[in-house]
Structure formats: C-alpha cells, structure tokens
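Each of the next two complexes has subunit A plus one other chain: subunit B in the first, subunit C in the second.
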Partner chain A sequence: MSDKRWVSWSMVASAFAMVTVFHCGPVSTGGARTSIQASLRGATPTGPTSAGWSVTYEQALLSVDSLRWNVGEPVFEARLRQRLFRAISIGTAFAHPGHYSPGDALADTSVLRVLDLMGPTVQLTSITAVTGTSNSATLTLRPADAARAAGTTLSAGNTVRVQGTAAKAGATVRFRMELADAFDIAGTPAHGEIRADGTTSFAIAVDLGLWLDRADFSTLAMVAPAMDGVVDVPADGQVRNALFRGVSNGSAYRVTLLPASGQ
Partner chain B sequence: MTRGSLTRTKYALCAAYTLLAPAAGAQARAGREASESQGATVRGRATSGSPTEQTIAPQELRAVPRGGAPDLLALAPGFFLSSHAGEGKAHQFFLRGFDAQHGQDVEFSVGGAPVNDVSNAHGQGYADLNYVIPEVVDRLTVIEGPYDPHQGDFAVAASARMDLAVRDRGVLVRGQYGTYDAMRAVAVWAPRGASNETFVAGELGRSNGWGPSRASQRAAAMAQYQRELGAFTVRALLQSYAGSWQSAGVVREPDFLQGIQGFFEARDPQQGGFSARHGAVIEARFRHGSTTGSIRAWLTRREFRARENYTGFALDPRGDRYEQTYSATSFGLDAEARQPLLSWLNLRGGAFARHDVTTQSMQRERFVDAVAYQRMIDADVNATDIALWAELEARPLSWLELRAGLRGDGLAFQIDDRIARSGGAMEPRGRRDAQGIHLGPKASARLRFARDWTLDLAYGKGFRSPQATTLGQGENAPFATVHSGEAALRFNGARGSASVSGYLTHVDRDLVFDPVLGQNLTIAGAEATTRVGASANARLAPVRGLVLLASATYARASFDATGRAVPYVPSLVARLDAAFDREIGRVRGVPVALSAGVGASLIGYRELPFSERSEPVLLVDAGASVRVSVVEVGVKLRNVFDARWRDGQFNYSSDWDAAPGGSRVPVRHFTAGRPFTADFTVGVQL
Partner chain C sequence: MMKTSKKWLQSGCVALLVGLGACGAPVGSIDVRAWGEEFVANEIPASEFEDGWGVQFSKFLVHVSGVRFAATGGPSYSLTGGGRVFDLKPAAQALSIGTISMVEARRLDDVRFELSEATASSTVGNASASDLMVMQGGRYALYVEGTASHPMRGTRSFRWGFTGNTRFSNCRDASSQPGLVVTSGTAATPGQLTFHADHLFYDGLQNPEAKLRFDAIASADRNMDMMVTLDELATVDLTTLPTGQYTTGSARNVNTLRDYVTALVTTVGHWNGEGHCDEAHF
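Let's look at the complex of A and B:
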C-alpha cells in the first residue's frame, strides 16, 4: 500500500477515534442539588403524662434557629447496628459508641422564627438540599432576640414558652414558664430519600406531651398564682427541670417523610 | 467560555489534528535522516523503547513562559497541572483521566532519583518537583500507562523522568523581576570542554504572590559531574532545595457571589507550608561487549509541612485548620542492563531497591492561635520496596517488534502508629507490620508499515503502594492494581511526528480527594474505576527555528459499581506550544537572535459532585526575548488575557462564620487561578 493511502487511512482513523470518543454520552458524578419542603406543628397530648397529669396547652412557643438533615444514623440505631455487626463479624473499626456522628449535611435551612406550636402548621419551603439518604435531623433552638420575639408572647431572651392547665385527681393547676437555654436536638431519626425532583417533603411534629411528661405539678401547690390566676413556675422547681429535660428529649421531635404526591 | 464554544473547540482540535498528521507526514523522512546525521546522542538512561514513551526537549520550547520545572510536564500530552495551594507546594497533576493529586498516580524521577514520597501524610506519592532548576532540564521522558517493566510504584497513569544536562556551555546569569514583586535569579556554570551533563546551577526566588497570603520563597542548588572512566561513564549529582509558601486556600462560591469574600481573598491567612529536599545520586553506565547497562545509588532527605483549612469551622468550633508534617530519609539502588541474545532477540532486566524511613503527623489546630487541639496522625513508617524485572525484546520480522516482560515488587512496611483513626474517635493502635507482593506482566507489539508509520498495541499491569498508616497487623498489603491497554497509530518523521491513540485503564482501588479530611480516600463500595480515553499529538518543525507542539487528550473516568463519573477529572486537556528561536541578522557584526513563544492550554469541564461541572478554561501565555551577542532581554506574560479562572474546584460542606445557623449543605468552593503576570528578564551567556 502506498504512503499516500496510509496517510489517508490515518486521517480517517484519527478523525474516527476522536469523534467517537468525543461523542460518547456524558456521565455525571450522580446526585443533584435540589430543595425540600417541611412542615412543623405541635402535637398536643392525647393522654395523661407518666406522672398522671392531664395537660392542656394554651400556649407553646419555640424559637428555632435552624433545621438540618444529615446522613448519619441516629444514636440508638447506630449502636444497635454496631452490636449486630460485631456479633457476626470480626472487630472492624466503627463509629465510637455513644456519640452521634451527623455525617454529611443533605439539607438545612435557617428558620430564625418563633413558632407557635398551637397555631396552624408552619410550612417551610424551598429548603436547600442535595440528593441522598437522610437518616437523622438536628434542630437548633436558640433564645429569641427582641426582634424575633416581637409580636409573640415569648419574652426576648427566651427559647421556649408554655402555658396551660394540668389536672390530676381533682387538682387543677394553671401554669406558665419560659426557658432561656439553647438546645441542639441532634440525632433525631429522620429517614427518607431526598429526591432530585424537589418534591421531597418532611413533616416535623413536636410532641408536647413529652415536653411535660415528667412534670409533677403538685410541687406548685405552695406557689401563689399571679393576678390572672396562673402560676409562674419557679426557676429552680421540678416542673421547670422537667420541661428542660422534655425539650432536650430528641424523642419529642418526630420527623416523618411524607409520601410523594401522586403515589 | 460557553459549552457551545467548547464543543466547537473540540471539533476544531479534531480537524486540526486531522490536518496536521498528513502535513507532518509529507515532511518526514528527509528531516529524520538529517537529525540522525547531526549525531544526536542519548543522554542519561537509555530509552526503554516502550511504545508509549515520548521524549521532549524542553529547551527547544524555552521561549514559552512557564512557572518552573514542573510546568515542563505540560509539554507531554494530556498533562494538566493545578497549583491550588500556593507556589511552592507540589502541583496537582491531572493526566489521562486521572486526578493524580500530588503524584499518587505518576511515578516521577529526576536525575535518576525517585521523587514520590512514600506514605506522605498529605498524600501518597506526594511529588514536589519545585526543587528542579528548569534551565538544566535537558530531556523530559514520559511513559504513559504502565507498559514498561522498569516502571514501579505510582506508575498508574504514567511515569515521567527528567534528565539533567546543559547544552549551552559556559556561564549563564539571569535575573527576573515582575508583577507582584516577583524576583528570580539563576546562575548556571557549564564548563566548556566538560560533558553536557556537567554543570553547577543555583536559583533564588521570592514573590509577594498575586493576592493576599500568597507570598513564597525558594532557594535551590544542583551540581552534576560526569566523566568517562574507561568502560564506565560515571555521573554524580548533588542537590539541595528549600521553599516556603503561603496559601490563600479556598473561596466559598456563595460567599463570593454575595460579595462576602473576594476572588483572591483568604479566609484563613495562616495557611501555607514548607518543603525541603536534599539529595545525592551516583551512577555508573557501562558497556561490556554488546551488553550495556547502568547502576545507580541515591540518597534523599525530605522535610515537609503543610497547614490548610478547607472547611473553616464546620468540624469544630475551634477551627478546622490542619497541620501535616512529613520527614523522610530515603535511599536506594537501581540497576539495569540490556544484552543481545540472538540477532533478533534482546534481554533487558534490572533490579530496584528502596528504603524509606519516615515520620509523619497530622493535627487540627485552633483558628486563632494555632494551638493544636487534636492529633490525628502520629506515626513512624519504614517502607521497603524490592523489585526485579526482565523483558524480552524480539524483532522476528523486519516490520514487527514484540516485547514481553514481568516485574515483581515486594513491599514491606513497619508502622509505629501512636495514634490511629478508628471511626469517629482516636484510639492507640501500636506497632504493626505488613508485607505484600505484586507481579506485573507487560507486553507490547509494534507493527511498522509504510516508512514512517507504526501501529502499537500495549498491555501492562501496574500498582500503587498503600498508604502505610491504613495497614493492619500482618495485612497482605493491598496494592492498588491497574490494568491498562492501549492502541496507537504513530507517524515519526524528520520535521514532525504525530500520533493518535486510544486506551482503557482499570484501577481496582482508586483514591479520591476528600477536602474535609485533607486526604485521599477510597470510596467504600466504589473503589474500582475505569478510564476510557483518546489522545492525539503532533510535533512540527516546519521551518528552521520554529517548533510547534500540539496535543489533545480526552478521557472519561467512571466508578465501576455505579457508572458514575470520577469527580475532579478534566474531560479534555489540550495544549499548543509554538516557539521560534533563531538568529535574525547581525548589527555591526554582532549576531542578533529573536526568541518568541506562545503556549495555550484548554482545560475542559471537570465533573464535580452532585452532577455539576466546572467551567472550561482557556489560558494563554506568551513571551519574547532578543539576544544581542551575549546579552538577552525578554518579557514573559502569563495568562495574557487575564482570565478569571477557578483552578481547583470542589463541592463540599464548610462553615466560615464560626457561628451556629450557617448552612452545611455542600456548596461549590474554588481556588483562584493565576491572574495576568508580566516578568522581565535580563540574562548574560558567557
């Protein structure tokens, strides 16, 4: 074959090779940026507390800084899986027991609002997210400044305000109290696949029954009510401590993936 | 540049190559014969004859501005270098669909000494080439793929070797001053009458950097002596280098878009590093009858320290900046020989041994006062690599060359791990040792047809050693194994050469950079990756004094398990270098020479996590100088069009506000690319 023909062949081969490879369909790294929606509401108690008190809320206000969805598994589930894994395998390094490891963040939003848990469901839309499997959530609760607290009954500098009536065996106590503490509710179960189509939606319910589940309102019997007949819970009392533990309790926050519309 | 314009550029490159190849062919034979008649001699180690070996003479393209010796690698097809963490830190290398990080997938050697650091805490195979003085790099040899049995650890994507020599004998003194108060002084003494491989060179440099927290300094010296001693040619090389740099780190894209952070601004001004390298090489090349060979011994001392912060305060409210240190004393032997067995059959073989005594650490430090609060790595690693290899070279027919070889590497590690990562916590793990053996067969065939054309087919199995601190007691050292195959059509003439090739590469245990941990990690469940690519390159010397070098490499890299793209790897890397260097006349009997060069790099989009892509980048450098008698004055312009380009690009979570409430959803981060710079040079060649 002559040189000229080889040159022609090389031209064709070169062009073919280049164009073929250049035309191959693109592959991506997978995943996508997207957004999710979330709704947040208070779930009022459906029965008496573990201390036997029936609590009826009149006000439940919560100052929320941010919400975040993470890849990391909730503490309890991670522990259980570790035990199962260790039972059937050799000792491989795993997450240190007892510590929640949030892992990568898949979605988060700055709420920066005082939410009325006795009011209508609060809708949070267009929360920045990336696709992936969410396993846990973190709620950051911070004291409201004056601007955030304006227009609500929550006093500036406080995070939580509750007011209601507790009744047990004929005894009735009207109470109210506020907490000025900061809370990081980390590792709450929040399982669900965040899809790329932007329709993923979670419902967050704050179980107000658990907030005061350990409160013994009988300890308020000796406290004189205010002019309006409501007892202002003492700062060092058992009821306030119970509320602190209740608000800190990750089980009081249930994050549920809502079914995709049309399914 | 828009995606549409990139597509047009791709087709323009296709068309250009299609036109270039035959044009080069038309001028082939006569020039090659002319070249051979000039008696060009092979310096340094003999060529391997590997089908993918390419030899480049950087000095013939010295008119094209470059930052330093590492930038010479861009002359090899498909190489793209990123300098994302300051001038002084090792470059990040991209090649043939690999994000080779700081050298994990490219085996480097300079003057006969290996460059890659074994088990460097900052990255396996970290290769700092900044110690090389570019004026003494005579030849750059790149073997793409793992097809030659001499290639050892880290030769996953390629091997690159720099041979040192000075052809312009005499004394060269050159000064350089430019934008951002950048200064450089270099002196080279190449005694006349001595061989080209004999020289002494020194370099001093400093710069304020092109933005806050980018200052750098460097000092380097290299001295090499070579002479004939009977049947032996003996060469000795000494080198010493120290460099330090500041790094501006990453820019959070949303912060940049909102005006919170400037394009060149640093959020953590305490980033930077230090690197030192001191080494010696002694080599004897011999010819005994028809047997040729060489034996070489080398000794290297390394010091390295880097402080970087990719995530701000996302991991700890005290700050996420980490400090990594690495020091090593390395020494080794490398011997090889080639002996004819029959008129058509040669045996080539060799032995290699290397031992590294290293200490490394990694710790997080507080943002404000740099006090360490968490130690993540504190380990001594002693590593040994012993290899034997052999290859048969057969030419049974005038148009057919066959090669078949085998390399066996035995690697042993002794680790004193004072702190080791265990899930989310740190637990002491104590001393461990591990060992492993890797066998790598290689084979290739070259079919010659027509007069200047060859068709090459090659297969090779290579490896990368594991990061030693990840090994368990008694573990069979899990090498990253690479299988690669290639087919190439080549034209090699006198005034030009060209080739087009396609390749397929599979890595069973790949590493991907994790900005959060500042280390390269395997991705659980998706360790294996495959790359498919094509490369075309051409070299033309159409008229005396003018050299054109063009290349384009396209690659797709994907995870086997998911089919998803490997992040951070550029799809297309194209490069054009054009240099003119010639005497243009005489003024009153004094010769006047003009030198001018242009270099253009096109870096295609890079796949990023979350199905995103970076923007393609086109960078153009230009330079010119006039030489009158012994004096030369010139100017070097980098990034001529002052493109605002993003060098490193990442997608991950960070928090730079040190306050609760900030978003932790992964966002785009980038490191600012080099802006327009101008440097003026004055040199005297006596």
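Let's look at the complex of A and C:
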C-alpha cells in the first residue's frame, strides 16, 4: 500500500471522527437582514384595579428611548426553551436571582420621543432586524430632555406623566404625577418569527391598568388639591410607589406578533 | 517508507476511535447529590445582607423528584424511587441521594429535576418521618425553619412552607456548558442539585444587583411574637416598601412580601454549585 493511500485513509478516518464528534454538539445559524414594523398604544383599564379603584386616564405620557427584540427567553414564563435558541444565545453566566439572558438581538430601534398613550396608535416602521425567532423584548425608558418634552405636557426631566380620576365606593380623586426615573424593562415576552420578507409586525400595548393596579387613592384623602382641583401626588406617597412599580413591571408591556397579511 | 505508513495508520486509528467513542458504548455512573452549601449547613452571615441581619436555618426540607439526565437524540436516565424529602441542614457536605448505573459515557446535555409538592406516595431521603409528615400535610415542595439575628433589632424566627411545583431543566454548569460529562469506569461522575437558600431573601426578582434583606420581613411581625409567618408577610404590600427594594421585573401578581418570597422559591434550584437551569412552574 502506498503512502498516498495511507494518507487518504487516515484523512477519511479523521474526517469521520470530526463529523461524529460534532454531530453530538449544537448547531448554530445566523439571520438575514430584514426589517419589521411595530405599533404602540396605551390599553386603558377595562375594570377596577386589584385595589378596587376605577381609574379613568386623562393623560398618559411615556418617554421611550429604544425597543429591542431578543432571542433570549423571558424570565417569567413557563416555556421550554428550544435547543436551537440555546445554541445561538450568548453563553455568559446568568445573573442572580432572575435568569434573564437577552441573547442575540434580532431587532432594534431608537424611538427617542414622548409617546402619548391616550392618543392614536404610534407606528414605528422600518425597524432594522435580522431573521430569527424572537422570544423577549427590552424597552428603555428615559427622562425626556427639554427638546424631547417640547410640545407635550410631560415636564422636561421626567419619563412618565399620568393624570386621571380614581373612584371607589363614592369617593373620587383627581390625581396627577410624573416620574423622573429611568426604567429598563427587560425580558418581557415577545414571541414571533421575524421573516425575511419585511412584513413582520408586532403590536405593543402598554397596560395602563397595571400601571396603577396597586394604588390606594384613599391615601390622598388628606392631600389638598391644586387650584384646578387635581391632587399632585406626593413624592413619598403610596400611589407614586405603586405607579413606579407598575411602570417598571415588564408584564405591563404586551408584545404581540400580528398575523401576516393574507393569512 | 514502511515506518511512515505505520505512523499514518496509527493516527488514523486514533482518529477513528475518537469518532466512535463520542457516541459509543463505554459506560459509567452518576452519583446524584443534593446540597444547600454552607448557607444552609452553617449560616448566611450578616456580611451577606444589606441591612445587618444574618440567618441561620434549623431545617431546610426539599421534596425532590423527576431527576433525569438525557442526551439530545440519545439515551435518558432517571433516578428511580419517586419524590423524596431531604433535610439539607445536617449536610455539611453534598448529600448522595442516589446512583444511576450503566450510563453511556458521554455528555448528557439535558439535566433536569423538580422541586415539587410532596404527596402521599413521597418517601424520606435523609429526613425524619415527622419531617415527611410535615411536607405531606402541607403539600410542601420546600419547608424552611430558621432564625434571623440583628445586633440592634434582635431576633426573628420563621417557619415557612411553600407549595407549588418548579421544574429546573436544561441545567448548565457555571461555565454555561450543558448538563454533565459522564466518564467511563468505576468512579461515579458526581452531579449536584444545589439549593441556594440565600435567594429566599433577595430583594429583586429579575435584577443582577439584587441584595439580601431581612428588615422588611422582620417588620412584618405584626403580633410582635418574634415569629414571622407567611400570613404576616401577606399583609405587607410591596407599595409600602422603598421603590428600589423588592422589584418584580416582569413577574405578574407579586403584590405582597408573601408573594415575593414564594416567587423566589422558584429560583433556589441550581446545578453543580453555581450552574443555572431554566425554571418553569408546572
């Protein structure tokens, strides 16, 4: 047998070994460039809050920096992770105690404006994306500077403004407040296949009921209203605390894949 | 020339064996262990807490079931015997809870186990018969007893039983490698179900900067009997606590301290120390 044949045989064996070894491992893939659309609107409360108050909004403003769709599974959702997703997600150690790992970003857009959640649905078009399966989303909410807040009732330096009326058992309170905090809403469920044809569209509904779900407006009973009859919610009050927790809760942002047109 | 041919032959054979060995027949065994680490065996020292409290457990009962090791597209191996109750408090070292033999020596990338509600058919592991009765009576998946101490605020005791089923699956080690690699031979490959007791005191459900706290829990002792019950925790609405504490991430319906601690139970299960798993209620 010539040396050449030994070499060939050896190479075949080595190739077999490589194929066999890697056959037992994960498979990775990349996505093609495309774009998606998203719409964003406020979903007003349809019933009393868990604290028993009926809240009617007059204003709901939100300063949004960016939106991102990720491969990573949401933290608080009982879904079995598909093996492919694991294969292409970032392999870093998870954070304690919630284990949200965003993985690869599939779509990303800078909104950089104040959204009126009581107004018409906001359309975000031509969001840069790659094909793949989205599982979660992150929303970055930041205080608006003067330029961004101009033309809205949101005061510069704030991220959220709400005004409305809360009623319960004959008691009625008109309230308003703003939050100056920055919020990173991470790992909210956002499942859907981002297709290559550029027609993928998501609807994002901000659950305004959840924003104030735990507010106890009776705590404002001793607060004198302003000249216009509206109570400015105190900075250290329970109602403001409830709004902060409602805005920061990812489940208040429901991201839904819209059916493809023609289906 | 002949010498060169031999070399090629040898290297080819080695490569072929490597290939066969990757999915081949050698077998080993898995020594399945459970441990609560030093935090359960000894204490969670005050240095770990943000507010000066320290916690010492006197009982840490887990009901473990559904321990399974599998290779994607390959064999799967389960720990037999159904759900069992273990007390991790006396375990100064990892407790061996069973051995699975005749396991194909390879990476088993899908490791899962359950922290599930005890049932009438549950049995004792290292726990006592009375511990088993406590778990079965309350249908608990986890039951903890302990004392928290603070140099200024004194002590508070707690006895908390948690129902609900959590499956920990797709477990990865601390380096994010899936499952474990079973080696061939007589020495069993250890695989440890690790329970992080400190998670019960985190103040963030989805926050890498979460801190351990006990102040709010201690203050929930409404009847001032120095024993904080889950019912007392249920009276503390999160909106009465500072906004930077007890954040909920994307979790729904977590409104009170009781909801909060209960939600944290689903985060205690880990794999081989610091490894993580996907967590799901079922």
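Everything that follows uses one rule, which is that the second predicted complex is superposed on the first by the 212 of 263 C-alpha atoms of A that agree within 3 Å, B and C clash if a C-alpha of one lies under 4 Å from a C-alpha of the other, contacts with A are read in each partner's own complex, and residues count from 1 in each chain.
In this text, contacts are C-beta pairs under 8 Å (C-beta built on N, C-alpha and C of every residue); 3 or more make two chains touch, one makes a residue touch a chain.
Since we're looking at a predicted model, the values are computed, not measured.
Contacts of A:112 after superposition: subunit B is touched, whereas subunit C is not reached.
Within the superposed three-chain model, A:251 lies in touch with subunit C and out of touch with subunit B [touch as defined at top].
Of the two partner chains placed around the shared chain by superposition, subunit C is the only one that A:188 touches, whereas subunit B remains out of contact.
Once the two complexes are overlaid on the shared chain, A:241 sits against subunit C while remaining clear of subunit B.
Shared-chain residue A:73: touches subunit C; no touch with subunit B. When both complexes are overlaid on chain A, the residue A:180 reaches neither subunit B nor subunit C. Residues common to the contacts of subunit A with subunit B and with subunit C across the two structures: 1, 3, 6-7, 10, 13-14, 17-21, 24, 93-96, 99.
By the touch criterion given at the top, residues 1, 3, 6-7, 9-10, 12-14, 16-21, 23-24, 50, 73-76, 78-81, 83, 86, 91-100, 181, 185-189, 214-216, 238, 241-242, 244-245, 248-251 of subunit A touch subunit C in their complex. Those residues of subunit B lying in contact with subunit A across their complex are 10-11, 13-14, 17-18, 21-22, 25, 421-425, 449-451, 453, 489, 491, 500, 502, 532-534, 536, 552, 554, 556, 558, 562-567, 607-612, 653, 660-661, 663-666. Listed in rising order, the residues of subunit A touching subunit B in the complex are 1, 3, 6-8, 10-11, 13-15, 17-22, 24, 26-33, 65-66, 68, 93-96, 99, 101, 104-110, 112, 128-131, 140, 142.
Remark: subunit C residues 1, 4-5, 8-9, 11-13, 15-20, 22-23, 71-72, 106-107, 169-170, 174-176, 178, 196, 199, 202, 204-208, 210, 237-241, 243, 247-252, 255, 264, 267, 274, 276, 278-282 touch subunit A in the complex.
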